[in-house]
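Shared between the two complexes below is subunit A, which has subunit B as its partner in the first and subunit C in the second.
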Partner chain A sequence: MADFGFSISKPQSIDTNDMDVGRLQALEAKVPSFKRCINCGACTATCSAGQFGSFNIRRIHNLYRWDQRKGLEKELQQCMLCGKCTLVCPRGVNLRYLIIRLRKALADNK
Partner chain B sequence: MKEREKPVHGDDNPKPREVKRRLKATKRISRRKRLEFEEVELPLQVAIIGGGVAGMEAASVLAEHRCPVILFEARPELGVNVKNKYKIFPDFSDAGRLVETMTKAMDHPLITVNKDTEIIEIIREPDAYTLLDNKGVPHTVPAVLLASGYEPFDAKRKEELGFGIYEGVINSLQLEDMLREHKVLNSLGEDPRRIVFLQCVGSRDEKVGNHYCSKICCITAVKQAIEVKRQLPDTEVYVFYMDLRLWGQGYEELYREAQEQYNVRFVRGRISEAASTFDGRVQIKSEDTLLGQPLKMVTDLLVLMIGMEASPGTRKLGKTCGLEGPYGFVRSKSPHLEDNLSDKPGFFLAGTCKRPMHIAEAVNDGRAAALEIIKYLRK
Partner chain C sequence: MSSNFHPFVLPFTIGTLALFSVLILKYNKWIGKFDRQQKKLIRRNLFTGKLIPAVWEMINEGLFHKKVSRYNRRLGYMHRSIALGWFLLISVGFVETVFHFQGRGHAPWIGVFFRFFVRDNQTLSAWIFAQIMDLLLLYILSGVTMAVFKSIFSKTVGMRKTTRLKLFDTSLRYSLWSIFPLRLLSESATAALADNGGFLTQSLGNLMGERFAGVVELPLWTLYSIALGLFLCLLPFSRFSHIFTELMLIYFRKMGLREREKPTGFTRFELSACSRCGICIDNCPLDSELNITDIQPVYLIRDIRNRMPHRTATENCLMCNRCESDCPVGIQISEIRRQERDKKKLDTHDNYGYIEDVQSFNAIGRVIYFGGCMSHLTPGITESMKKIFDTVGQKYWMMDEERTICCGRPLLQQGFFNQAAELRRKNTQLIMESRSKTLVTSCPICYQSFRKEYNLPIKVVHHTEYIATMLRLGKLRLNRSELRLAYHDPCELGRGCGIYDEPREVLSALGQLLKLEQEYKNSLCCGYNLGNTVLELDQQLKVRDASLRNLTDAHPDFIATACPLCKKAFQHSTTQPIKDVAELVVENLR
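Entry: the complex of A and B
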């Protein structure tokens, strides 16, 4: 392609038509309570790792819903698995286990 | 409301001053016969404008309490808005059967049903009202119940969503028809791979002049999404919402069931526009506002959850009677203890002519209005 001396940045919007729903379904099969999430953000509010860094567990699992996996594995390393998120969740989502399964799924699906 | 100019009373229509006289006479007769006033049949009919669920319930309660009723319905059938539904939330009971039961109750010696009859004018008389129907027949009555209802929002007014332009864009009533026929198909006549619901079409939208929430669409979408998944388990279902307002008993539980048992996916964000794809599907644009990222999606069907607006009859009669409230609905005397009353004595209100309501609410409101009318006539 001709070099015009500038480039066009990639569109920021999520193209859901490229996503593989199977990956989300596999995670939901392992952690069925994940389907009940109502995005209240209590997990993120209580998160110890989130108090000191950029870690946002609600954002991470929402990105995963749309199959946006880039950078998630590294981000998830900030979690210390203290499990406070699981304690505060009003919908009984087993977040601690979700994080463990997410880490595994991301490691397996590189 | 018009004050009386010239008499419109035929031979079989009581003159206004006779209305009060007849009521008084009945009271006297009951006393003479040592009967409670409540036990004697009233000599005059109460007029009910609108044969929906609110009007029908009011008619049946009034008839049970020995008040003769004349019911006017502009359409050829009673209870059409509810009858057109398939199963109703939150218990998935049969809408058709509900209307059938209510319509059967209209088969009462004290109830006269006038279908295809629209009330075009209401004249206020001393102690009475004279209603003029579209056939030019006057009806003078001691009390009127306005139950002229709502109409579904016309989604063509939201042009950017492509309703009436793209075949893949339908409204929630059309989906209800498809569900009833067990034929939920895309524009090519195939099983849809994906269905997207969009909430708040015609509600909470300044652009169409409606600031209010229609309050039944959230739960309707949840119900319809579940019904779609029951009929087509392999179809992906998304619901795009601004807020989910699942306020009624059992609603939140149904939402949870939709997520957990039926894999319905809820996305917070309003769809800004829809466009056709070359293969007859619909491409939508929205934002996942929980992520702060725009997204696009192709779907077989885009279902617009249309809200409730005042029906043309409600708008017209509300204006004629000087009872116009916000957004063309009619205004009750006060929202707490006098919600079935208007500021005109003898003129009562019930159901969705006042504001959006779900079926049970409208039925209850009709029943409550009937008791207010009995109280008024038997005083």
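Entry: the complex of A and C
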């Protein structure tokens, strides 16, 4: 198939009954500013790692919000922690710390 | 009393023996933990001329406390009077003993309890010695008095705050403080009985009267010996271990030893050399602006040493190095903190497959320009640098024009050592393949990384250095105006790499550079330093405001800085425009 640089996403359903809200709450307790996130995607737009390929920080923290953790740990390891996302965030979310806490949480709760 | 022995000397003697055996055991263990490179340095440098400058520094720092004095004269006097005074008291006591016994054998403790054991000594030389010893004792006592005062009113010796001590340290401090008054009293008691005191002890002895002195003499000497013994016994386990460890540390440093990525025996020496003087608390922006009072190096080092939990202290720090530049012992605090940040299992391998296909560029005869991640958020800086390269006719290759591979320092600062090394490896490959001879970077974080962590065989310069060189060569000519400029020293450029003069040289060619209250190595962090991940935005802004106040107090027309991150931090927070040095240069090109 021709590569258009984008594709149609496969349908994805989330069973909210199965969701463990505790994980998100634990993360929000560590990084209170995460509650302010409006999913605008500024972090992804500026991301140094995102310029190279598929790395998408907005996708990652959004999936974690919905407790969809599969593959996230490996994906998040691509972050270079340069901090541009934190600087551009219009809501003042401390993304660098969020990423470190996320990585820790993902590594701990396999 | 002609005997050479009395049971009361035992606590002191045991204490001394315990002190030196414990110190030798500890040092031996730590030296065993040096890594291979450190051991090699020691083998190569042990018997070379390095000892002479080391001894000179030991005298200056260990006895005269030059750095403390430079920081604050009253504090310097306090430390010096106790250290130098006590050292001289021991040395003169030793000379006095040798002089008195003229080579006849005597017990080793005699020097310490000389007045007690040598009573019938009425020669002129003995009188002179007695006066000198009293003078020294008075000198020490003045320092101890200041120390007591400082513990209650820290401001009297010019410190904003003093270290909060734990019970063990506090009790040991009292035993140190009690040594000297006890010595004064016991010598006075003996002087009352034997007339062998100096101006101080004799007069105090005469006040005591013979009868009273006869009763208290022995108990006082015993207490003096116990205080000494207790202090010496516990010294290696307390902050006072700095007395000996600092001397070792100075020698090791002269031999070229430094902190490594992971903790080594050298780290143990550094930890043990901290005297908990608390100078690092004085200027910590987290303490002064945010009232966070438990993360300062003095507490971190204490907790690492005592194997206490210290996660918060490890993580919550801007790494602005303000404390390190003030530390009188010169402990590499940020390196130690970074070692503690080691993320261990989170620090994974093979994370950055996506950078592998980035290609280098044949840049022979060109300079490499590396803007850095942060400069991508301040395009004014990269545009200005391009303009400057064009003006001086220098061809360049902007290495991160479209896609930036981070220099790795932000990862390194957070304890991701493997991941940082992966990025360094790729960047090194790109730089080496380009075969350029010079790398110019706009971001002080990258600059410090390229200079200290990469070991590149080519020249690495910050853009302010580059512009300053071009000005000197006459390739850039600027219009000088009467603009009032305030320059903010970025932590990573100033304290980190020692670049203070080049940006100022450029700015002086543009306008009138204002003198600030806190500048050069005392500059205040903008609050956005990537060394910290824990602080929330509102806290960062408080740190920033303090830094900004320092700049705006001089009422400048422009605030200049040389770091994209500092520029970003200050932007839109004050009426004065914030400009990078490069931007100001381009605006005023002739």
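Assume the second predicted complex is superposed on the first by the 98 of 110 C-alpha atoms of A that agree within 3 Å, B and C clash if a C-alpha of one lies under 4 Å from a C-alpha of the other, contacts with A are read in each partner's own complex, and residues count from 1 in each chain.
Here is the rule we go by: contacts are C-beta pairs under 8 Å (C-beta built on N, C-alpha and C of every residue); 3 or more make two chains touch, one makes a residue touch a chain.
These numbers were taken from a predicted model, which means no experiment stands behind them.
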Should the superposition on subunit A be reported as showing a clash between subunit B and subunit C, or a fit? fit
Applying the document's definition of touch, where does A:Pro32 land relative to subunit B and subunit C: first, second, both, or neither? both
By the touch definition at the top of the document, which applies to A:Thr16: first (subunit B), second (subunit C), both, or neither? first
Looking at the overlay, what does A:Lys104 touch: subunit B (first), subunit C (second), both, or neither? second
Tell me the contact category for A:Arg59 with respect to subunit B and subunit C: first, second, both or neither. first
Subunit A residues touched by each partner, larger count belonging to subunit B or subunit C: C
Tell me, in angstrom, the smallest C-alpha to C-alpha distance between subunit B and subunit C in the overlaid model? 14
Quick check on my understanding: which residues of subunit A belong to both its subunit B contact set and its subunit C contact set? 32
Interfacial residue positions of subunit B with respect to subunit A in the complex: 236, 256, 259-260, 263, 265, 268, 285, 288, 290-291, 293-298
List of subunit A residues in touch with subunit C within their complex: 32-33, 46, 48-49, 51-53, 55, 77-78, 80-84, 87-88, 92, 94, 96-97, 100, 103-104, 107
Interface residues, subunit A side, partner subunit B - complex: 12-17, 21, 25, 28, 32, 35-36, 39, 58-59, 62-63, 65-66, 91
Touch list for subunit C against partner subunit A, complex: 343, 345-346, 348, 351-352, 354-355, 358, 373-374, 376-377, 402-406, 408, 410-411, 414, 416, 419, 423, 528, 530, 533-538, 565, 568
